[in-house]
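Heads up, the next two complexes both have subunit A, just with different partners, subunit B and then subunit C.
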Partner chain A sequence: MTAVTLALVALVILVLGAVGSFKFRPLGFLGALIAILIGLGTCPLYYGIFIFAIALVNLLSLTALQDIIKGVDYSLVGLMALATMYIFTTHDFAMVLVALVLVSVPTYILVMLRAGKANIEVGIKYITFMVLATVMFLIGAVILLYAHAHAPGAAADGFGFIYAVGYVMLVLGLSLEVGVAPLHEWVPDVFTAGDPIPISIIASLAKVVPFVAALWILIPISNAITPSLVLFTAVLAAISMFTGNIGALTAREPARVLAYSTVANMGYVLSCFVVIANHEYVYFAIAGGLLMLFANAVGKIGFFNAIKGEGAYSPFMYILAFSFIGVPPLMGFWGKLYILFSMAKMEYFWLVAIMVINSAISIPYYIRLAGELGVSWRMNLVNLICLIAVIITLVTVLFVPVDWFFKNIALVANSLGVVI
Partner chain B sequence: MLIIPLVAVFVAPLLKPREASHLTALAFLLPFFSILYCIFGGCPREILLMRFSPPIGDIYLNLDFIAHAFGLTICLVSAMVALFALPYMEHRFEEMELDKNVEFRRYIFIYNLYAASMLWLVYSGNLALLYVFMELMLISAFLLIYKYGYGNRRWVGLLYLVWCAIAGVLTLAGFVIMAFNNNTLALNAIMAGGKGVGMVAWAFIFGGMIIELPVVGPHIWLPWAHAEAPTPVSALLSPLTVGLAGYVLLRIALIDYSFIEAYRMPILGYAIFSSLYGGFSVFKQTDFKRLLAYSTVSQMGYMLVALTLGPFGLLGVVIQYMSHAFGKSILFSSAGGIIAVHHGLRDINKMGGLHDSIPAISNAAVVGFLNLGGILTVGMLGEFFILRGVVDTFGIKTSSLGVILGVVFMFILSVWYGFYTLRKVFYGKPKSTERLEISRYLYVPLYVIGIISVLLLFPPLSTVLIHGLDMIPGLGLGVGGVVP
Partner chain C sequence: MNEWLVFLLLFLSPVVSSIPIALLYKSKEWTARLPYLSVFGIFISVLMSLYIFFTFPSELPDCRFVSPYTWIPGTGIDIVLITDYLSRSMGVITALIAFFIAIYGLDYMRGDYRPSWYWFFFNLFTASMLLVVYSDNLFLLFVGWEGLGAASWGLIGHWFRDDDEIAYVGVPGRKVGPLEFCWPPSFGGWRAISTIRFGDVPMFFAIAAIWAFAGGNLNISEIAWGALFTKLGAAGTVILMLMLLMGLFTKSAQVPFSEWLMTAMTGPTTVSALLHSATMVAAGAYVFIKLTWYIQPWNMHNIPGVESVYVIVLFVGLVSGLYGALAATGMLERKVLLAASTMSSLGLMFGSAAASYWLPKEVPGTGMNLALLVAFWYLAVHAFAKASLFLVSGHLIHATHTRFSVGNLEFGKKMKATFAVTLIATTFLVGMPPFTAYWVKSGMDEVMEHLLHEGMLLPLILLLATSLTYSAILARFTSLNFIKGEKPKHEHLEGGNLMRVGYLLMASILFILWYLIFKNKETVGFVHAGYASTSILVGIAILVAYVGALYKPRISSLSAIGTFFNDRMYLPYLNDYIIPKIGFFVAHLVHGYGNRGIDGFFNTKVMPGLFGLISRGIRCIQSGYLAHYIKVVLGVVMMILILAAIGGVYLYP
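Our next item is the complex of A and B:
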């Protein structure tokens, strides 16, 4: 079966699960689980296995939330996971944008979830920003492709200007969507006002697709002016790192600290965009960006669940904190390492220095967070979720999975191209 | 045998404190004897662990004589400090009102991870693997300070972590640049490739490692960390950990010496100044552990001086690491013995004449200072090779007199503050002449270290070790290396 067929089968199961959950709630969970298992067939295993694991802990964490759409919430997460898996192999421009929307829209509903009733106030704020972000991203992508179609590889007859406008709009849309400073205003407010469980999904699974979509569009259509334009992205990344880390250092509330940590982490991931114009080394950026996103995802799931459960087992909290800091051989380290590789290759040494400084700045607040949220061992769902998050974080300890992932990403990058 | 300390990380916490300490000591003594066997009988030069895609390259264990010299030191000190720590940490847990048995399990896990990381660091044949163990070492040391330190231990722990993380990431940035220049981080492939390190990468690595070493300026974290850490941790942190920055610089220098050659005089001047500053600062300290911490700044200046002095200087780096590690582990353990026996006593103004009450610890401290001063211990060889390096690099002439005098005064200063401290702490008018009963764990391990440090001065240990080091290109008499 082709990837499209598998994705459609998974979608049908998701819908059936969601409908069935009105009668029997666990059907929603079961449907989502089967769908993401089928979804594994739509993408390579080295990528899909991480998305599957992240989605699984997202699903498990949702069981702790007795919201008003119980059952359907699982299907929404399943839909996000499915789109995240599918985008990795699609080369169809329309499908890339569809995947972006399919990941973005479920978060509009998820953000309002909390026990008992909907959190409308947070929802309105979040949806306003997200709609704007998605629209900017889509318009930017369309303008870029228009410019590329009329003047591929060169900036002729004013198409260079149009290309630059499209690039800036797409990057700003992406920044607003994932929370890159200075377009991060919604992040601290939403992360602190929302329920920690849905916020953990927004901070984890929802972050992958926007970056992949942006890379899938920008890499194949890069041209002579792209190396100049990536400077804009590099500056945004640097601002985001500083804003996020300084904000987190000065914040007291754990959810707010995590919000600013997201801003900083998105800055790290964005910084790997400096290499998009160099196809020979772009696989460093993809490998680094994805590993960073995975590390951010499992870390955020662990910490937000700990907030929800009023603490989690202390060693788990410290391991997740160390991964965020970039301590080797945890996953966060590998993400940062490959991002550093990509920046060094492009001779963005000033950005290397800024990332280095920011890694050091982040240490106190992650340690403080781990200290505040760490408690002694007790057998409960929160610790189970954190245990899975820690296992995912520790997957890279033996080096072999990293090399497996990296080698395959190199192969993917060689064949990268989006059909307009 | 290197795998045994890693196994001990997970097995020791399952045992009671005494058995866990004995197992830890055994887990490091077995590789110690195994290294001795390699030194005398030979063993494979490299062991491949896995092939990693470029630019990381082959991950392998590098079993050369430099690694053996550092490994030998780490194994011996880690084993002996593990034994010393048994009564000390029990005393510390009582002070902190923690459950001894439960807390000892946590402590021994982190301790073993810390010591094993250092051991694996020196045997790492790939800079990526080396960086992994460098960071594991940093994190485990941080956790030990953060959980069991004195004073404002959390603040001190964070101070240590932040400074060392800056050092680590600067070094990583250098490694990343090296990776792209050479398309690998495997030391053997970098050496074979001949592309070298490059000035930018060197600058990053050098900047990182002088924070970790540390020299005067970025040293501000060291007196806090070494003084407020629980003493068994200080007894690893100061003797073993900081000197590993010298190890990293040595490995890089053996690949490409151009950076050191280009900036030899500024680095040498800075290193001598740093050593003298550290040495003179010793006289101003009233806290015994803080005093020893400043002595570390001074001794690390030796290592940086040695790094600038060509092949013999580089050999001096290795020997200086060993002598400082032996001496300082004995001295920090002596300070720990005083703390355990005299209920937290650290103020040297309240000491004086302690030899009468704790002669076993006092005599061990004498051996410790003999190591630092380079008297009748392996430290003597270290000073010999550093001086040989000065003479070989600058020659014996009027223009080199300043350097020679500076280095000689650096050596004299160590002896001077050593005897000053001994007089201030252990001799002079005693506060009490009552001889105290102390646990054998608090002094026997110190004598074992002391005896080995003396044995290393004499054949066959010294001759075999120096001969093996001489065979490494660029080191000592070694030929064919990049160091002119």
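Our next item is the complex of A and C:
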């Protein structure tokens, strides 16, 4: 069966599960689970497994939340996971934008979930910015595509202006969507006022597609102007790292620390955009960016669930914290290493230095967080979720990513229109 | 059996078998039983090392095993093991000695206050040492090497509470100048790790340099050493090899890095026997022999720099040999005396291995270099003999409640097995005809005599002086503990059967080695050298020195010089006075002049101020009002878009 057919089958099952959940709630969970299992067949296996694992812990953690749309919430997560898997296979510009919207819109509803009534106040704050972000992203993408269609490869006759505006709009849309400073204002408020569980989904699963979609569009259409435009991205990334890390260092509340840590992490991922003009090192950048996103996702899931469950098993918390800091051989280390490597290859040494300094700044607050959220062992759902998160983080201990990760990068790079 | 399964069992069984006791450290009941499991783990290693010895190929390239699992691909850092002549023999030696000492340890460590710590590190050590022995890849070897350092620190400082004077080295309260010449276990552990670290860091850089200059290959048997040295030039070769040798010299306690070994005697005796006489300290000499084996310096007389390296090693080794032997003449502490004699032996190993540069002599039919074989066989004989002596002193310390040499003939008669093992181990080790070491030492005499042709007389003189002194100190050890020493104040003679089993087994191997010297074809050169008239003369001189010291172990008229030797010729001043003074001077400099600026920048003024400012800025935006946020976001977006538009229009018209 082709990927499209598989995706359609998965979608039907997802919808059936959602409908069925009105009668019998576990059907929603079951439908989502089967759908993402089928979705595994639509994308490169290793990514599929990571996304499947992240979606699975998201689904599991949702079982602890008694919200007003119980049952359908699983389907929303399933939909996001399917879109995240599908974006690695599609070769269609329209489908990339569809995937972006399909990941973004469910979060509008998820963010309002909590036990009992909907959390309208958080919803308004979040949706306002998300709508703006999506619109900017889409307009930017369309402008770029238009410019590319008329002046491919070079900026001829006034197209420099159009490229620049398109690029900047797309990157600003992305920044607003994922929470890159200085457009991060919604992040600390939403992360502290929302329920930790839906927030953990927004901080994990929802972050992958915007980045991949942006790379999907920017890499193939890079041209002579791109090297000067990525400087803008690099500055944005640097601002985001400092804002996030210093903000987290001087924040008290765990949810707020995590919000700022997200801002910082998005800065790290954004910094790998400096390679989009050079297809030679794009492998490393994508590998680094994705590993960083995965490490960030499982770490956030673990920490937010620990906040919800008033603490999780202490060693788990420390392992996740070390991964965030970038201690080898945990996953966060490899993410940072590849990003640094790609930046060094592009001779962005000042950004390398800033990222290393920022990693150092982040050490105290991650350790503090692990100390505050760490408790002794209890047998409960939170610890199960954290255990899965830790196992994913430790995958890179057994399998040093260079080898297996790179083989599959080729597949992703192909779907991004890059042939190396 | 699959070869990788054999290797996995060899390396992992000691570690895995000691994990239960490490985890159950709180349970008295289990920590009393689980040592047997740890010993069993080492026993499996013994079986595997024997299996390798008898069935694995010994010739290149078949004896090199490259793991199918690539560790860090494309870097040349792979899991590569080798089972050549040296590795397969050294593997059996290591595993056997560890096993015998582990059996002894079951008795010796009974009732100790932290058995989990002891057994975990003991077994970790065994696994690390085996890794060093079988590694062909320098990086993998270095991993094992660091394991040795960690285990050594853990085991020397085992009695970290410093609460029992019997574990100290030196006499408490005895001052020599401003320093108190007395070291508790915690200090001993620190001295060990700090000295070894001092050598390991340059060694690590040397390995990195080899990697960089040898085309990314780190396999000892594969590196094109000649090409590497030619490329580096004379100065480069000397610097590289000296950096590498820093690791080996510090590990093998060669002058001037010997102090840590003396105070390593604060650890349990089993540890002294295994790590600080038979295996770990010998690792430095072993790695040097192994490197030289593949470097083949005797073929490199036209490459500048190589000779200087081997001259340095030759003299560092021989001087350490004489220094250790002389220092031991004044010592009364049983283990410290043996430690000094150990560094002396290690020096001889380095010295004779280094002599291979001038000795292109191959043992017929084997292709092996005589000087390297001498060094390696001396390592083997020394390992079993010295380990036996350490185990004996451990038993004596238990029996007499003192670490100083005491014991008269009456006491000796009560400890028959112990006395007998001491006599065997000393006579078999010093080079007295016709026992085991005599034949090896004769080979060594021949090697040093050969240097006379190169116009070097000093090595032979140093070797002879060391050999005679060495014979005297071991005789003195025997005499002061069993024949002419004072009557012990306490005698605790019950029990200790497993301890006896341990050292009897250990000493019995000396007979096997004796037999092997005559049976093996590669040692035929030793036998031949043993019948040479000069060797017989030296042998007789050694016998005379032994008997003389046995008859008169203390000479009161020489007590002043004895004290000087006992104080290790004031070498502790280097470790505990001069180097700390330099450190304090630098600290003072930094504190007095640099600190205010550094502190002000990082700690009190600039950085905290900057962080505070940024933090306030970040929080100031976070008002919580949506309208405010929209203003900020839209403002930033607008501003950037305008900038982008201007940039786009003017930069790329």
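The criterion applied here is as follows: the second predicted complex is superposed on the first by the 407 of 420 C-alpha atoms of A that agree within 3 Å, B and C clash if a C-alpha of one lies under 4 Å from a C-alpha of the other, contacts with A are read in each partner's own complex, and residues count from 1 in each chain.
Quick note on the criterion: a residue touches a chain if its C-beta (ideal position, glycine included) is under 8 Å from a C-beta of that chain, and two chains touch if they have at least 3 such contacts.
Quick caveat: nothing in here was measured; it's all calculated off a predicted structure.
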item: Room on subunit A for both subunit B and subunit C (clash or fit); value: clash
item: Contacts of A:Gly247 with subunit B and subunit C, given as first, second, both or neither; value: second
item: Touched partner set for A:Ile325, first subunit B, second subunit C, both or neither; value: first
item: Between subunit B and subunit C, more extensive residue contact with subunit A; value: C
item: Touched partner set for A:Pro364, first subunit B, second subunit C, both or neither; value: first
item: Touching partner for A:Val168 - first (subunit B), second (subunit C), both, neither; value: second
item: Contacts of A:Glu280 with subunit B and subunit C, given as first, second, both or neither; value: neither
item: Among 134-142, 314-322 or 386-394 on subunit B, the segment whose C-alpha atoms clash with subunit C after superposition; value: 314-322
item: Shared subunit A surface residues [contacts with subunit B and with subunit C]; value: 400, 403
item: Residue ranges of subunit C touching subunit A (in the complex, touch as defined); value: 70-74, 611-612, 614-615, 618-619, 621-622, 624, 626, 629-630, 632-633, 636-637, 640-641, 644-645, 647-649, 651-653
item: Touching residues (chain side subunit B, partner subunit A) in the complex; value: 50, 52-53, 55-56, 59, 128, 131-132, 135-136, 139, 143, 146, 154, 158, 161-162, 165-166, 169-170, 172-173, 176-177, 179-180, 200
item: Contact set on subunit A toward subunit C in their complex; value: 124-125, 128-129, 132, 136, 155, 158-165, 167-169, 172, 176, 182-183, 185-186, 188-189, 224-225, 228, 232, 242-243, 246-247, 249-250, 260, 400, 402-403
item: In the complex, subunit A residues that touch subunit B; value: 318, 322, 325-329, 333, 337, 340-341, 344-345, 349, 352-353, 356-357, 359-360, 363-364, 367, 371, 399-400, 403, 406-407, 410
